[in-house]
Structures are given as C-alpha cells and as structure tokens.
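Take a look at the structures listed below.
You will see chain A twice below: alongside chain B first, and alongside chain C after that.
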Partner chain A sequence: MKLSTHTQGEFTVAVIGETRMDAAVAPELKHQIAQLLDDGATRIVLDLSQVTFMDSSSLGALVSLLKMVGNRGDLIIAGAKGIVAELFKLTRMDRVFRMADSVDAAVGAVVA
Partner chain B sequence: MNILIVDDARDMQLILRRILTLMGHQVMLADHGQQAWNLIQQHNFQVVICDWVMPVMDGPTLCRTIRDADLPHYVYIILLTGMSGKQNLILGMDAGADDFATKPIVREELEVRIRAAQRVLNLEHTLEEKHRNLESVNQSLSAAQALIQSDLKRAATLQTGVLPVQKMFGRLCVDWFFQPAQYIGGDTFNYFPINDELLFFYSIDVSGHGISSALLSMCLQTLLSSTGELYCVDELTRTNAARFPSRLAERLNYHLNHTLDTGDHYLTLIMGVVDTVDERLYFVQAGHPQPFLYNPITQRVERVDCTGFPIGLLPDMEYETIDLPFPPGSRFILYSDGILELQHASGAPMTEDDLQERLQALSALPARLLVSKLGEQLGLGRAGEDKPDDISLLTIDFCG
Partner chain C sequence: MKAMILAAGKGTRVRPITNEMPKPMIPILRKPVMESIVELLRTHDVQEIVVNTSHLAPVIENYFRDGTQLGVHIAYSYEGYMTEDGLEGKALGSAGGMKRIQEFSGFFDETFIVLCGDAWIDLDISAALRQHREKGGVATIILQEVPHEEVHKYGVVKLDERQRIVQFQEKPKPQYAVSNLINTGIYIFEPEIFDYIPSGVEYDIGSQLFPALVGAGEEFFGIKMDFQWVDIGSVPDVWAATRMALQGKIHGFDMPGKEVRPGIWTGINVSINWDRVKIKPPVYIGSSTKIEAGSKIMGPCMIGANCVVETGAEISECLISDYTRIGGMATLDNKLIFGGECISPDGNVINVSETQIRWLVNDTRRVLNPSDIHDMLLFNNMLSFYGELELEREKEMA
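Now for the complex of A and B:
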C-alpha cells in the first residue's frame, strides 16, 4: 500500500496514495498506522483525498485504529469526498471521527 | 568422486590415474568414446576426463552423447587437448564440455580443475535438492489449495441453502436474488411471519469476505432466528413493533461487542417488521445501503434517506426505528453493497441512482419478475462470471 508521511507542526500527516481502499489494502493500512502510533505519533491526520473507493473492511480498520488512539491523541480524517464521504455519512462514522475538508483545515481546526 | 579417464594412450591413462588416485578419487579407464559411453551407462561418474582425438568415438562426440542422454545427474566433462586455439575451444564447448586441460598434463593444474569441478557439482547437487524440495512443497500447496477451493464452493452452496424459500405470506409477497462471491462472503437475509399481521425481515452484510465473514453471517442467522436467544427476550407484537427493530439492533450490537469475538468483522443491516393491519413499515438502519420504497400513490421508487451505525463496530451505540406508511401497492427493496461494486459494460461503477432508475422502470412487474429481470440486467447467474462481492437483494411487496 502506498502511504507517505510527513510532519506538519505537531501533526503526523499520513497521505494514502491509493485510489481503492479495499480488503487487499486494509490490513496493511492498519499495520502502518499502528506503527506510527507505536513510534510515538499521537496526533495523526489521515489524508484520503486521493481515495475514490473504500470498502467495509477498510472502514473497520480505521475504526480499530481510532480505538487504538483512544483518548491519548487524535485521528483526523481529511479530504474524504464522493462515495468515501458518503460511506462515512451512511455509517455515521462522520460523527465518530473528526472530519476535515483538507489537511490544512484539519491542522488549523485543532490549533484554533 | 568417481572419475572416468578416456584416452587411447596407455601412458596418459596411467599418469592421470596416479594424480587422481593420490587426490583420493576412484578412477576407471576407457580406451575410446564408445567404451566410455558403455561404462557411463553402467556406473555413476561425476567427472569424465576425455581425450580429443581417439579411435571409434572421439572426445567431442562422447560429449554430445552424454549431453543428449537423459542421465539422472550432471556429468562434468573435461576435454584434453594438445591443440590450442579459439576454434577448438568453441567446438569443445559447443559439444558440451565444461572445462579443458592441455597436454602435457601439469599435476597442479589438473588438481585445481578437479576442485573446480567439485565446486560446480556440489552447487548442482544443492540446487537439485532445493528444486526437489520446492516441487514437493508446491505439490502439497496445490493439493491444499484444491481442497480449500472445493470446500469454499461447497460452503457457498450451503450458504444459499439457509435462505428462506416461502415467498407468499397472505397479502405480502416476497422475492429475492442472492449470488455468493467467488469465495463465500458475508451476505445473508431472512424473513418470517410472526402472525397473520406481522412479517419480520432483515438483510445483513458482514464486512470482508471469506470463511470468517461467512461463518459470522451463519451465526447471525441463528441469533436472529425465531428461536434465537436475542430474539426471544421479548416477543414481537403489534404494540411494540415500532420499538422492536431498534431495541433488537442495540441488543445485537451489545452481543457482538461484548460476547462474540468477531475480530475485525462487523456488519451492516436493515432489520424490521411490516404491519399489514396498520399498514406501516418499521425498520432500523445500521449502515446498510439506503433501501428503496415504491409509493403506489406517486408511482415513484424513492430512496429512503437514512443512516445508522453499523453493528459490532463500536459499543453502546443508539439506534432508532424508522416508521413509514406502507399502504397496499407498496414495495420495499433492500440490498447489499455488492451490487454497487458491479460495473456497467463501459467499466463505470453501478450507482444507487442507476439501481433506482432500473427499479423504477421495472416497478409495474410483480416481485418474481422484477427479481429475475433485474438479475438478468446485472448479469447474475452467468456461468464463469464470478462477482467480487456477495450480491443480494430482497423485495417485499404489499399486494393490494
């Protein structure tokens, strides 16, 4: 799975470089983000702006990551659009995750 | 090593034998290529040292004979040559020689060449062994895979076997299509009458594919059956029908988060009840694709705009029952998102709008025909066309 990370202020920004997030990607996604948490990142922004399809197993992976973060930090979903944004809405996960239109908005929103 | 010396000159045979025996090798002698070839077929030589010019059969011919034969092990050939020059080297290599030694024989040089032969043969031997190992591992993997595939095919058939067959319940007429993915997935559904007035139904999609998803969906069939422990906590009646779906969803969510270890699996569902006396539809939406409702007055198929938390994803979620009028002539259509992973012939993905349009166009048809026509349009049931996900669709018609 293509994933690039960089830091922006106190945030670790993880950019998903895949257009499809499906069962083939979910375990790897979970593993890599969990690794970031293990390495001490607490405030993570997950940039989904390149993702055009997400299935239930990837959504499940994101929720288990959110549980891992718990109260110790943030896992912010940035740039979800189209059917990806609809999936968050349909499953009401837009009420469970912090959602932001873009990485900049995510970083700014929390700082402000 | 077992080494064969092939030379028509007796003195050369003896010199070579002495050097090689001192090195600790077992040596046999042949006077020409034909005699050598006879010995090679009877004995197991690792190395053949062979003169170039000999009566009956010369060195290069012996080389070719060895290479053309399907011997069970590799034979390392050193050609002896008094002749020098590139042309001979090329001829010898082409015939299949591995190395050359020039006459007169220098002991140190021959020793080095024999040790080189040993290294090559050892390598060859290791490779052969690895190859044999790989082959046997491959064989057992193929056998295991064939077994799993036939098991999965069988399981997919069984998965269909638990689905309901009765389709008429008084004035309610139900129909469905279901096609498990190439390898079983987690879709399932059911419906059964509580009495003459109420019909209970659900459509479930367990996340992910494969054996664990399918087993969880089977497990849910048991949990939600009319005799299941979750269902039996309180009886579904017309009085509590408006609260029943959401309460059952909450209980199921609790059960999946606290009692069953579902791993990373969770499920989306729509579960509800039709009350034919009050002409109402009550259902709970837990992250399932939004259902369609055909309104007999406007004669339009409309998408019911509703959202809800999936079951088994997060504990202690609240669910609400959606309450809609369901007069005679209405039709309620539930489906799983496998349909939305299908593609048009153009490669564009199927959308909810496409499905809505198709359902609208087929809305005058009775349930049975709707299901068969739509299935046909979506390319279901065609041999050799496996779908990426389970496909299921359920329609409940309130016939007038």
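Now for the complex of A and C:
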C-alpha cells in the first residue's frame, strides 16, 4: 500500500496514495498506521483525497485504529469525497471520526 | 386510432437502474410508467397497441403479455437477435421500428399515435386527434411551451401562422432558440408517412424523418397542448417523479394502497408499531414490509414491498425498492436503493456488495455471512462506544 507521511506542525499527516481502499489494502493500512502510533505519533491526519473507492474492511480498519488512538490523541479524516464520503455518512462513521475537507482544514481547525 | 409505444431504448442515462429494468418499466410509486400510458390510451379508445422492444425485452413482454388484463390488445416487435449468449438487442430507431411493423403486416392502416414509453403524461389524446384531423397533415407533433431558459434540454420547433412546422433545432442555447415550443416525442401520423421512411435501416423520427418531410415540402403541423409531462429520462428524474407523486403534484395519479394516516399510505400486511416509529409524511410503505420500533422515516419517502427497516435506522427522502433490509445503523439521506446499489441523485453509486456493506443495506432474503456480522458488530461497538464518550464529555462540560 502506498502511504507517505510528513509532519505539519504537531500533526503527522499520512497521505494514502491508493485510489482503492479495499480488503487487499486494509491489513497493511492498519499495520502502517499502528506503526506510526507505536513510533509516538498521537495526532494523525489521514489524507484520503486520492481515494475514490473504499469498502467496509478498510473503513473497519480505520475504526480499529481510532479505538487504538482512543482519548490519547486524534485520528482526523481529511479530504474524503464522493462515495468515500458517502460511505462514512451511510454508516454514521462521520459522527465518530472527526472529518475535515482537507489536511489544511484539519490542522487549522484543531489549532484554532 | 391505433398506437405504437416506443420501448426499445437502452436508457443509458438511467443506469444503473436500467441494467435490469428497461426504462418503460421504471415505476412511479409501484406502477411502471408504460402501464399508465397504456391506461391513458385505453381511456381514449385506443385498443390496439404495438410495442417495439429490444433492451431487456422480456421484462416488458412478461409484464404486459397480450394486454388483456389492461383491457387492450398488445403486440410486440422485437428488435434484435437470439445469440449463444442470449438475446442481443439491435434497435432500429423510432421510425425504423415503425417501418418494420408496417412491412410485416400493414398494421398501421388508419391514423395512429406514436409515443415514448418512458414519460408519464395526461394528454387529452382525443382532443389532439381532433386537431390533427382539422389540420389534415400527414403528421402532427404534440408540442409544449416551456420557459425560455429550459429550451436547451429539448428539440425546439418553429411554426408558421398556420401551425405548419417550418424549422427544427436540437437543444439550442436559449439565445439562439427560434421559439419556446418543444417536441414532446408524441406524434400522430397518417399511414402515408411510410412513404418517407426507408426500410431495413436505423431511422429516427426527430432527427431524420421530420427533416426529410421538411425537405420534401410535405405539410405537417405542430399543436400546442397543455398537459402534464413527467419525464423519467435520468436518475434524478425518477426521484423527482416519485416525489411529485407522493406530494400529490401529478394530476390524476392514483396513490397505491390505503391512506392510513394523513399523508401516509401503506399496502396490506404491513408490520409497524405506529407509536414507536417516527414518520413524517408523505410516505408510502409497501405490502409485507416491516418498520421496526425506533426507526425514523422522513418524507417524501417511498419504501417498497417486503422490506425491513430495522430499529435505529434513519431514512429521509429516499426511494427504496422491494426486498431491501435497512440496518439499524444506516443513515440514508436522499438515496435511491435499487438492485443492490445505493444511488445518490448527483450520480454517486455505492454498490453494497462491492463495498461489503451488506451488513447495513441488504436484500431481505439474503442471510448475513460471518464477515458481515463481524463488521456489523465492529461498527456497532464503535458507535455505542462513541455515544458513551459523548455522554461523558457532556457530563464534564456540565
């Protein structure tokens, strides 16, 4: 799975470089983000702006990660659009995750 | 008068609905649009109807059969072939389809009306026929006046002072439009029209036959009629038509079922705990459907037959087709659920099996598999966990 990370202020921004997030990438996604948490990142912004398809297993992996983060930090979803955004709404996960239109909005909103 | 209903189109703009259902079979509140057309024809004493079919022909042919149940005679002219892989449609175009029928039997031996099977209309066909006879042309096009800014969606027609058609424009920009009279795709013809249609080739009424008539100097006319014309040419159109029907905005549309509460219609054998379900009209709920306590339905909403709406589900302004289970965690806002797809009017389509959200939206007859149940529990846990967190936060704030 293509994933690149960089820091922006106190945030670790993880950019998903895949267009499809399905069962084939879900375990890898979970592993790599869990690694970021292990390495000490607490405030993570996940940039989904390149993703055009997501299924239940990848969304499930994000849910597990959010549980890992718990109250100790943030896992903010940025740039979800089209059917990816629809999937969050349909499953009510838009009420569970903090959602932002873009990485900048995510970082800005929390700073403000 | 005899009739021909055009039903051979592929309906590409109504995908994915038309992947399994040809456009004339798309229902407005349970009744296929074409059935309303057949009923209208019968009301105006048209009893012999030939339907040209192609794409998904059996769906139409098995539903209407020979027409007896609707009090008319219906015959089909199938355009296509049987191949190793099954039926393969090859549509001949609207005029080509007419010509094929005429060459087969000479069916059109008197004045006849041709109309599309995919728009709901309440045209006074008898009045249109009277005007056609007064004009005396070989063809009469039924026209409608539309606001000037909408002409770009239609074929525009210019008439002279005798109502003769002198010019056509296909989807002109408003500033170039020669009038605001549009072609509704409803035509009355005399059998002499076949002199102008070549045989054995694809030929279209609007873009080929009429220009040929103009070219030949043949007199034909346009008559402006005032009637309701509800097109279902696209997915948003289907939803708009259903909304209009629910809101009572389609004149003369008979609501199915019984009105059991103000603005709430149901079929029979429904299971609803009225005291514990929140429903805002207008809503239609189909027969053998169960609405569980603690669910929320905000109209305009149409829920098909044999559906289950589970405790906690929130449905607002949706069209849900038969045999759909809506899970308790689902929030459906402005969606069409059809054939395993969750369609937004803006064109986004979520396929429930591809996205593996059958735990959320499913066919009521399908049994959930272990991975569905795993996901359901995972998301459910998360939602309740989050709910508790919220409560704690609220307490802290207080």
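The rule is simple: the second predicted complex is superposed on the first by the 112 of 112 C-alpha atoms of A that agree within 3 Å, B and C clash if a C-alpha of one lies under 4 Å from a C-alpha of the other, contacts with A are read in each partner's own complex, and residues count from 1 in each chain.
Going forward, a contact is a pair of C-beta atoms (placed from the backbone, for glycine too) under 8 Å apart; a residue touches a chain by one contact, two chains touch by 3 or more.
Predicted model, so just to flag it, every value in this text is computed and none were measured.
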{"item": "Partner chain in contact with A:Met54 - chain B first, chain C second, else both or neither", "value": "second"}
{"item": "Which superposed partner A:Gly82 touches (first chain B, second chain C, both, neither)", "value": "second"}
{"item": "Touch count on chain A, higher of chain B and chain C", "value": "C"}
{"item": "First (chain B), second (chain C), both or neither touched by A:Leu90", "value": "both"}
{"item": "Set intersection of chain A contacts, chain C complex versus chain B complex", "value": "23, 53, 55-57, 59-60, 63-64, 89-93, 96"}
{"item": "Complex interface listing, chain C residues touching chain A", "value": "329-333, 342, 344, 348-350, 354-357, 359-361, 375, 378-379, 382-383, 385-386, 389"}
{"item": "Interfacial residue positions of chain B with respect to chain A in the complex", "value": "205, 207-209, 264-266, 268, 287, 289-290, 307-310, 313-314, 337, 341, 349"}
{"item": "Chain B partner contacts - residues on chain A that touch it in the complex", "value": "23, 26, 53, 55-57, 59-61, 63-64, 89-93, 96"}
{"item": "Touching residues on chain A, where the partner in the complex is chain C", "value": "23, 53-57, 59-60, 63-64, 66-67, 71, 82-83, 86-87, 89-93, 95-96"}
